[in-house]
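Listed after this line are the structures, all set down as C-alpha cells.
First subunit A sits with subunit B, and in the next complex the same chain sits with subunit C.
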Partner chain A sequence: MSEPFFSQLKCRECGALYPKKAIHVCEYDFGPLEADYDYGKIRAAISRGKIQSRPLTMWRYRELLPIDGEPTVGLKVGFTPLVKADRLAEALGVSELYVKNDAVNYPTLSFKDRVVAVALSRARELGFKIVACASTGNLANSVAANAAAAGLESYVLIPYDLERSKVLNSLVYGTRVIGIEGAYDQVNRLCSEIAGKHGWGFVNVNLRPYYAEGSKTMGFEIIEQLGWEIPAHTVIPMASGSLLTKINKAYREAVKVGLVSESKFGIYGAQAAGCNPIAAAQKAGTDLIRPVPKPDTIAKSLAIGTPADGYYAVNVMRNTGGAAEDATDSEIIDAIKLLAETEGIFTETAGGVTLACAQKLIVSGKIPRDERIVICITGNGLKTAEALDGHLPPPARIKPSLREFDALIAK
Partner chain B sequence: MAIEVSIPTPLRGLTGNQDTVSAGGADIGALIDDLEKNYPGIKARLVDEAGNLRRFVNIYVNGEDVRFLQDKATKLSADDEVSIVPAIAGG
Partner chain C sequence: MAKFKGRYWLNFSGPKATDPLIYLMSKKFDVIFNIRQATISGEMGLMGVEFEAEREELKAAIAWLEEHGVTVEPVEINTIEG
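Our next item is the complex of A and B:
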C-alpha cells in the first residue's frame, strides 16, 4: 500500500506542484522544491502515545518524513541525548539550558545521519544504484557509511583540504572520495553538473527535497524530550541555512498535527565570522545574501559562501523574533573547551561556533537569561582534532616513579 | 548596441537552443524587455509579476551579481558580458 501522508513536491516560490521524483528545482522560476504533506491525514493518524510506543530512533516521526514505504537505510539513526546542561548554564549565567547532542548520532557522529537516512531510503525507492554528495565533510562521512551498509555504490566530493579525520572517515567505508581543488561552492557547482549528466542520486542536489526533511527530526526530538514542549529559544549552526529552516518547520508541524500546543519560540542562527553571509544579512536587516567568495574559518563544515537557504533562514529568524551571531576562530576554540569542561561533550568546530554565538546572544540580551534555551550541537570533536593543536597543554610525562608523581602534583 | 547574453540550459527552449544570444538595452531592465521581443516568454521566467528579478535567478554583468550593483537599473555598455544563471541549491 502506498503511503498516503506525503503527497507531492511543491515549489517554495510559486507553489507549483511536481511529482515525487528526483528533482529539486521548479522548472518555471528555479525556486527550490519542498516535500508537501496531507497534514489533515497525519493529524488523524499520529499521536504522542503512538510515537512513544515506537523504537527510539528518528523514524518514530515517520508520518512527517517524505518516503513512500518503510525506511530501508539508517534505521538506527537519531534520538540522541538532550542533556540538561546545568554546569554550562551556570557558566553562561542562564537559568535553564539544554544541549541537543548530535555529536553522538549513529553511525557517523553528526546530524547528517538524519538527512542521509531519508535521502538514501528515498534513493532506493526511486531505483538509484549510485548515490553521491557534495560535502564539507560530515555529509560525506554519512553518505559513505550508510551507502556501504545499504550496499549502494557511492561517490563523495569534498574540498581537497578538509580535516584529516573527515577525509579518513569517508575513505574507510570504501566510497570513492574525490577532493576538488576549490571551495565548497565550487564542489557544489560541479556536483550539480554531474547530477545533470550522470543520473546519480545526489543526496543534496537532485534528492535535496527528501534529504532536507530529515533535519526536522532533530526538532521533533527536542520537543518530545522536553516533555512535548517547544523551547523558547533554539540556537542552530548555519551553513546552507537548511537545518535552521527545518527545525523551525518541525516546531510548526508539531503544532499543526496536534502534538504540542502553540507557544512563542525564537530561532537563532550561528555562523563563523570568516564565513557569515547569513548572519551578516540578518544583522544588516536585509534578506539579500551577499556571497562570501573565499571563506576563511576553522569551522570548515560551515564554510558555505553561497548558502542555498540563506534567504529563508533570515526570514525564519525575523519572523520568530530570533537573531544571528558570528564567532571568530579564537571564540570557537574557547567555546569547544567550555562545553568539554562543563558538560563533558567534545564537539567539532561547528559546535564551538554554536555555543560561542549563543554566549554572545545571551550577553547582548537577545536571548533572555531566565527562559528555556536549547543549543544544537551537530558534530563530534574527534573529527576536527587539529583545530585544537597548540590550544591545549601537552600531557605531563614522568618516569613510573611515585616520587616523580608526588613532585608533579605538588606543583 | 548589441550585448552578448549567455542563456542557461533550462531557458534554451525559448532561445531556439542557443546558449548565447545578443540583445540591446541601456540597462538590465531594458535588456530583459529586448530579450522578450525576440524570445517571447523569457521575461516571465526572469522577473515576477511586480517586475522584480526572481529570487532564484541571478544575472551577472562582467561577473558581478546585479543585485549588488543597481539591480534592474544596472547600466550596460556594448562590451559588457551578461550571464543569466539559476541559483544552485545544495549544502
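Our next item is the complex of A and C:
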C-alpha cells in the first residue's frame, strides 16, 4: 500500500525539508525535525464515521501518524478510558472534569506505549533489526515489551542504581539491560554517541520525529471521547515537554482535517517542584530554559533537567492562554491519594504531579471552575509504589475473633 | 589521531556568562568550533555549536567549559527518558 499522507520531515526552526529517514535534527541550526503531512489529502480521506468504524486503538487515527504502510508493532495500544470524574470535580470545586486514564494503557501501563508503537513500527519500515532506548522506567518497560512481542532485538540503557522494580519490569521481557555508572549528563553523552555509532534504532534519538508523533493519539482520543469537541482546558505532565506539544498539535490537526470545529482551548503544563525547568521559565515569562542540574523529586519519570521540547512547550502554553505549575513531593502524594479515593484510579507520581498542579491552577483562578477540564494521567501507581511508603496507615490487625472485629469497626 | 565531530548545546549562565569563553577555549585547546545558532536573553545565553577535535582534547575542552559554568549537552539531549 502506498500512503500519500505522511510526506516528509521538516525542521521546526527553519522549515528545511528532509527525507523520511532515521534523522532527527536539522543540519543547519540543530532544530528538531518533525513529521509533516499532506493535510488536504487527509481531510479528503478521513471522517468521523470512518474513524468510528475502526477498532478501538490508537491506530484509528493512522492517517495522522508517520508510517508508510500498516502498523506492525503495538496494534492494541491506546483508546484508554476518558472518565467523567464527578467525585473529584466536587472535591476540586469545578463543574465538569475528566480524567484521561493512560495508567491502564496496554501493554505496559503508561502513555509511553503510544510513542513506542509508532517508533517501532517505523523502525521496522526503515529496516532496523535492533532497537534501543535509555530510560529510568516507563519508556524502557515499553520498548522491552513491544520489541519482545514484535521479535525485535532490544537494548535498554539505564542508570546503574535504579530501583529494583523498574529494572525487573524491563528484564522480564528478555531485553538486554545495561546499567551505566555515572552522572545523568555523562550517560546522555554516551547514549548519543552509541546512537550515532552502532546504527541502532534509538526510539527517542534517531527515531524521535516518529516516536514523538505517537503522543498525538492521546489528544485525538480525548476529542473523540468528548463527542468530537476540544476541551477548554487540558492539564498535561511535562518531562521533555513533548507530550504537551503533541496534544496541542493533535487539537490543531483535528481542526485542520475537519474532524472538529475550531474552539478556544488552553494547554497547561505540570512539573515537580524539584525539577521544574519548563514551569519556571513559563512563570518567569521567558522561553529560555535554565537547566536543572540535579533534579530532586519523587516524580522520577518527569525528572529531566534539560528538556528538549521545553522551548516549544512554553510557547504552546503562552499561545493558548495556558499556564504552568509545579508541585512539591507532599503535594504529589496528597494528589495520588485524592485521585485514588475519589475516582478509584491509582496513578504513579507523574499523575500526582498533574493533579496537584491542576488543583493549584484552579485555586489561583488560571483555570476557571465552570468550564470543561481534562487532566492527563499518564502512568500507573504500581510502578512507583515506594513513593507511598510511610504515607498510608498500616492495615488493622486482629485475632480471628468476631468480638475483636466488631470492636474494631465500632471505633 | 582521528578527529571527532560533536554537536552540542551550550548554556551560559552565572557570573562567567559574559566572558569570551568560546574564544578562550579555542586558545587553550585545539578545538575547531562552528556556531550554528545563538540566543541571548537577560543573563542567560544558549548556543548550538559543532566542535571538531581529537577525542581526548574535546573531552578536556568540555570539562574546561563546565568548570566555567557552561552546561554542555549533546544536541541529542534527553537520550534518557522517564
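Details
We take it that the second predicted complex is superposed on the first by the 398 of 411 C-alpha atoms of A that agree within 3 Å, B and C clash if a C-alpha of one lies under 4 Å from a C-alpha of the other, contacts with A are read in each partner's own complex, and residues count from 1 in each chain.
Rule of thumb we're sticking to: a residue touches a chain if its C-beta (ideal position, glycine included) is under 8 Å from a C-beta of that chain, and two chains touch if they have at least 3 such contacts.
These numbers were taken from a predicted model, which means no experiment stands behind them.
Taking subunit B and subunit C in turn and counting the residues of subunit A each one touches, the greater count comes from C. Once the two complexes are laid over each other on the shared chain, residue contacts for A:A272 go to neither subunit B nor subunit C.
Of the two partner chains, neither subunit B nor subunit C is touched by A:V73. Of the two partner chains, subunit C is the only one that A:T286 touches; subunit B does not reach it. Using the contact criterion defined above for the overlaid structures, shared-chain residue A:I377 touches neither subunit B nor subunit C, since it reaches no partner.
With both structures placed on the common chain, the touch criterion links A:F30 to subunit B and to subunit C. Shared-chain residue A:I42: touches no atom of subunit B or subunit C. Once the two complexes are laid over each other on the shared chain, residue contacts for A:A134 go to subunit B and to subunit C alike. Shared-chain residue A:M58: touches no atom of subunit B or subunit C.
Counting contacts as defined above, subunit A residues 13, 24-25, 28-31, 134, 136, 184, 188-189, 191-192, 204-205, 239-240, 288, 290-291, 304, 306-308 meet subunit B in one complex and subunit C in the other.
On the subunit A side of its complex with subunit C, the touching residues are 13, 24-25, 28-31, 112, 133-139, 157, 159, 184-185, 187-189, 191-193, 195, 202, 204-205, 239-240, 286, 288, 290-291, 293, 300-304, 306-308, 350.
Touching subunit B in their complex are the following residues of subunit A: 13, 24-32, 134, 136, 184, 188-189, 191-192, 196, 204-205, 208, 239-240, 242, 288, 290-291, 304, 306-309, 311. Here subunit B touches subunit A in the complex through residues 9-10, 45, 48, 54-57, 65, 67-68, 86-91, going by the rule given at the top.
Those residues of subunit C lying in contact with subunit A across their complex are 7, 9, 11, 13, 36-37, 39, 41-42, 44, 46, 48, 71-82.
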